[in-house]
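Read from first to last, the chains carry the letters A, B, C, D and E; within each, the first residue is number 1.
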Amino acid sequence: MTQDLSPLFLSLKVASVSTFFVFIISIALARFMSRRNFFGKSFLDALILLPLVLPPTVIGFGLIVLFGLNGPLGSWLEQWFGVRIVFTWVGAAIASFVVSLPLMYQSVTAAFNKIDSRWENVARTMGVSEWRIFRTITFPLAWPGILAGLILSFARGIGEFGATLMVAGYIPGQTETIPLAIYFAYEAGQMEKAAFWVIIISALGLAIISWVNYWRKKTEIRIGRE
Amino acid sequence: MTQDLSPLFLSLKVASVSTFFVFIISIALARFMSRRNFFGKSFLDALILLPLVLPPTVIGFGLIVLFGLNGPLGSWLEQWFGVRIVFTWVGAAIASFVVSLPLMYQSVTAAFNKIDSRWENVARTMGVSEWRIFRTITFPLAWPGILAGLILSFARGIGEFGATLMVAGYIPGQTETIPLAIYFAYEAGQMEKAAFWVIIISALGLAIISWVNYWRKKTEIRIGRE
Amino acid sequence: MLHVDFRKQLEHFELVVDFQLDNEILALVGSSGSGKTTLLNCIAGIVHPDAGSISLNGRNFFQEGNKPLKIQRRKVGYLFQDYALFPHLSVEQNILYSRPPKSDMAHITAVTKVLGITDLLPKYPHQISGGEKQRVALTRALAAKPDLLLLDEPFSALDDDTRERCQEELLRIHEIWNIPIIFVTHRQADAQKLADRVIRVEKGQMTEQLISEASL
Amino acid sequence: MLHVDFRKQLEHFELVVDFQLDNEILALVGSSGSGKTTLLNCIAGIVHPDAGSISLNGRNFFQEGNKPLKIQRRKVGYLFQDYALFPHLSVEQNILYSRPPKSDMAHITAVTKVLGITDLLPKYPHQISGGEKQRVALTRALAAKPDLLLLDEPFSALDDDTRERCQEELLRIHEIWNIPIIFVTHRQADAQKLADRVIRVEKGQMTEQLISEASL
Amino acid sequence: DRKDELFISAASSLTDAMQAAETEFGKAHPDIELVINYGSSGKLSNQIEQGAPVDLFLSASAKDMDRLVEGELIDGTTVVPFASNHLVLASTAAVDEVPDFSAVLQGFEGKIAIGEPESVPLGMYTREALTELDLWESIEERVIYAKDARQVVSYLESGNVEAGIIYSSDQGLAQGLQTMVELPDTGEAIIYPAGISSTAENQEAAEAFLAFLTGEEGQEVLEQFGFRAAEGVPEK
């Protein structure tokens, strides 16, 4: 059986792009939220968590209303950037982003909350800018939590199904990620094809975990104790 | 519109039971994995992560094969304990358990990995048992990460949809969790009912987040620095 | 009776120790980085020697070729150089950590009072001063009524008066418990006041000294 | 010229300080828990006084009613009592943390050599001894060429020889930089050797003393 | 007590109709309690294959029912069609009255949403019908595959496709549809078969409900929700 491998590459692309933005934005958010107190903070917190409790189809519906051709964001993006979200891989990336964000955000917030401000203060006495302190002290010390969040986000991004199907549609060869391939093969009773993709995606998970573990061990000394 | 509130209570029951077991098992697993090295450890790690990357329907299919009346586990449970999994809330709890486990496991592992063994050693010199050290030192110090994992697991448990639908079925009043209620209301074009449940579930998320934040602040001093 | 006779390779030199200690007080001196803390860690069981043996009152802590005795079963009271107070427990909980709930606390209460930390009991480690931490850690090391006391620079962060009081208390306790005590110090006065014997460690090599000779 | 004149309420007493310091070396003494570290923290900007003012060479660090100057802009070198080395950075990275990449390191290399920590540069903080940590922290505080040096018990974990060398180095640096230096100590000898002036803090109240009088 | 409970698995497109039918049926048979599980026909047949306790299966596709009969999970002798359905072309855009269906379809320029043909019965029927009408090739490039009728409707509602093909019984899902054009009859009917499980614990109740559904009252209810009588079912 020769298989078209495009779903693998598409899934990797979608998950990578989504994880990249999840990473940037959840760190910015967590940092912002951990330093400020404002009215509605809990509400924003809950809002970020919402995609975790809603059925993916409903999230997809929300996204398609927002990012659709007639939607407020969709029409704006189309007009100004010529970017179309619906029925493209960008839509799949946005769906992955939304469902992965809460995973990363919670992990990062927990990691930041645990860091002793003493080290940040030492760095301040040395005249180092807040931004450099963040990059060189806060971030590396929070790294184990951030890494856990990254693993979760990437895996969730790879695995996103319901919302992706809604936003990106199922266009074989164009928006067919691995979970979509599995689902439609399975639903059509093509158990061999479904099993093939389940094996591929499991091998991918195994590869990622092994690589992360290897790499974590290699750099372990850097997060040693004081 | 008077609404039958049973989905709310069912969701809470399912998520609580599933989170409870996720908590116990992922902590036991994380502790076991962080202290031992054996062949196939990365593989087990990846296996735990797998439910994150597979489409929920496929997970549901796997579960129903395992826990169905003809499945190896299902027939065994029925025969020995008279517990039926398929089409019951227990099935929903099992589905939630499987999809929440990776979230908790990653969070807990990251939290344990960050703890300085110095404190455990101090406690050892005092003749305190490993189990008591775990309860009174390791666990409280890992608490922020564990809490983040708990939030994620509970939310994911509340929100589980695809696998639940497969294993527990959609039997209004009996296995109808909030996400199922939302999905079927949405599927049936009953947008009002769907909106009602989206609001309820959002309020639930808000309540949980607020409560956790309040409680974290109250006990913050206990996880202060040295 | 404590028997210590082992060697352990460190990065820049080998730590070679061989001494016996009755129920006396031993001062351990030597320049920074010479291996004093490592020696205490080996006795406590936190790191293990490469070869040799360590035993206390006939109980084998470490014996080349055998599995080392678990830290828990050594009954050692250890004041760490950096205190290592539990950050999530109050001072009181730190001190009482090793005590079973309804055990006799009379001796702890007495120590707490003499060391002047009674007011601090409800505070958390990050809320107290450096010298206060040191006294709390000392009290904690005493609380379990150990068979052997290891104190890594127990008075370094204390002013003269407070140090005086802590030392008196330590002597009083030694009188009562009659156990071997090893403490690390950089002060000649400390050694002269407290110690029955002085051992100097330099680059891993130990020599026993007369107390009066000890230039620290 | 450093002007310090503030009050700050602590749990059991109020810390009241009022002194001025030229480019001299000031020894801060007083019993454990009397407020010495808090005083340094106020000057460094890590905590803020309730009232009063702090200024260095005309720059206002703190002025009642105004926003305190950011820690970053105070140009203070601070050796923390518990060192606070960055656990994830090597000794070398710790020391050079404040230095822009290609800046002049000559003075740092010199200090490193005199303090005997050159061998430790590639190690991480959890791999070095207590006294070694203290010397690394001292070097780090000096590395940024600050306008004011705050040293919280900089020599407490050092043996006589090493302490001697560190003190010589500090005097040499003071000679060159000519900045105010405040250091906390519990040793009379330290104060006598280094300090131009001695201030004693007891339960938050300060008194200036003659050096020879200072019973520490 | 299972005695009075009748376990039914029904295709989700029947949800509204079954809720109405349950009320009607309850009037005549107060002693029987219906426990209805909804899902896509494929999912339901999977559940049954894995031993889910089901007495009566109401399927939206003959294919799934045949598979279960082959596996001897459904008693083949009890299988009976109880409803039929039709395909309609739906759009939020208004179309002038045009007599020819293919002209209407060709009139839309944007994307067209249909069910995925390999896995969704709706899609399979759609492809068959369009192939029969020689329209398949002309629109294949513009097609978006959906996983069920509801997704087609969502695409329509959000304005991301111009047209979509759904069941006539699913018209109730949609709000704001301007155009509803039935596909011309191509011979192949969309039949909903019902069958009783070969291991049914409540055979009698299942038979009673099936009789009700194929009887006059049941057919009336189904008709209210956009279904039609199936061949072999007595016309009203």
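Just so we're on the same page, contacts are C-beta pairs under 8 Å (C-beta built on N, C-alpha and C of every residue); 3 or more make two chains touch, one makes a residue touch a chain.
None of the values given here were measured: they were computed from a predicted structure.
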Set of chains whose contacts include both chain E and chain D: A
Of all other chains, the one whose Cα centre sits farthest from chain A: C
Chain whose mean Cα position lies farthest from chain D: E
Distance from the mean Cα position of chain D to that of chain A, given in whole angstrom: 45
CA centroid of chain A to CA centroid of chain B, Å: 20
Distance between the centres, which are taken as Cα means, of chain C and chain A, whole angstrom: 50
Junction residues of chain B - those touching two or more other chains: 57, 61, 118, 186, 223, 225-226
Touching two or more other chains - residue numbers and ranges from chain C: none
Residue list for chain E, restricted to those that touch at least two other chains: none
Chains touching one another, given as label pairs in label order: A-B, A-D, A-E, B-C, B-E, C-D
List of chain D residues in touch with chain A within their complex: 44-46, 70-78, 80, 83-89, 97-98, 124-127, 140, 143-144
Chain B-touching residues of chain A, taken from the complex the two chains share: 42-43, 45-47, 49-50, 52-58, 61, 102-103, 106-107, 109-111, 113-114, 116, 118, 144-145, 147-148, 151-152, 155-156, 158-159, 161-162, 178-180, 182-183, 186-187, 194, 198, 201-202, 204-206, 208-210, 213, 223, 225
Residues of chain B touching chain E in the complex: 57, 61, 64-65, 68-71, 74, 84, 86-87, 165-166, 169-172, 174-175, 184, 186-189, 191
Touching residues (chain side chain C, partner chain D) in the complex: 12, 29-33, 36-37, 81-82, 119, 128-132, 134-135, 152-153, 156-163, 186, 215-216
Residues of chain E that touch chain A when the two form their complex: 40, 42, 111, 116, 118-120, 144-147, 151, 154-155, 158-160
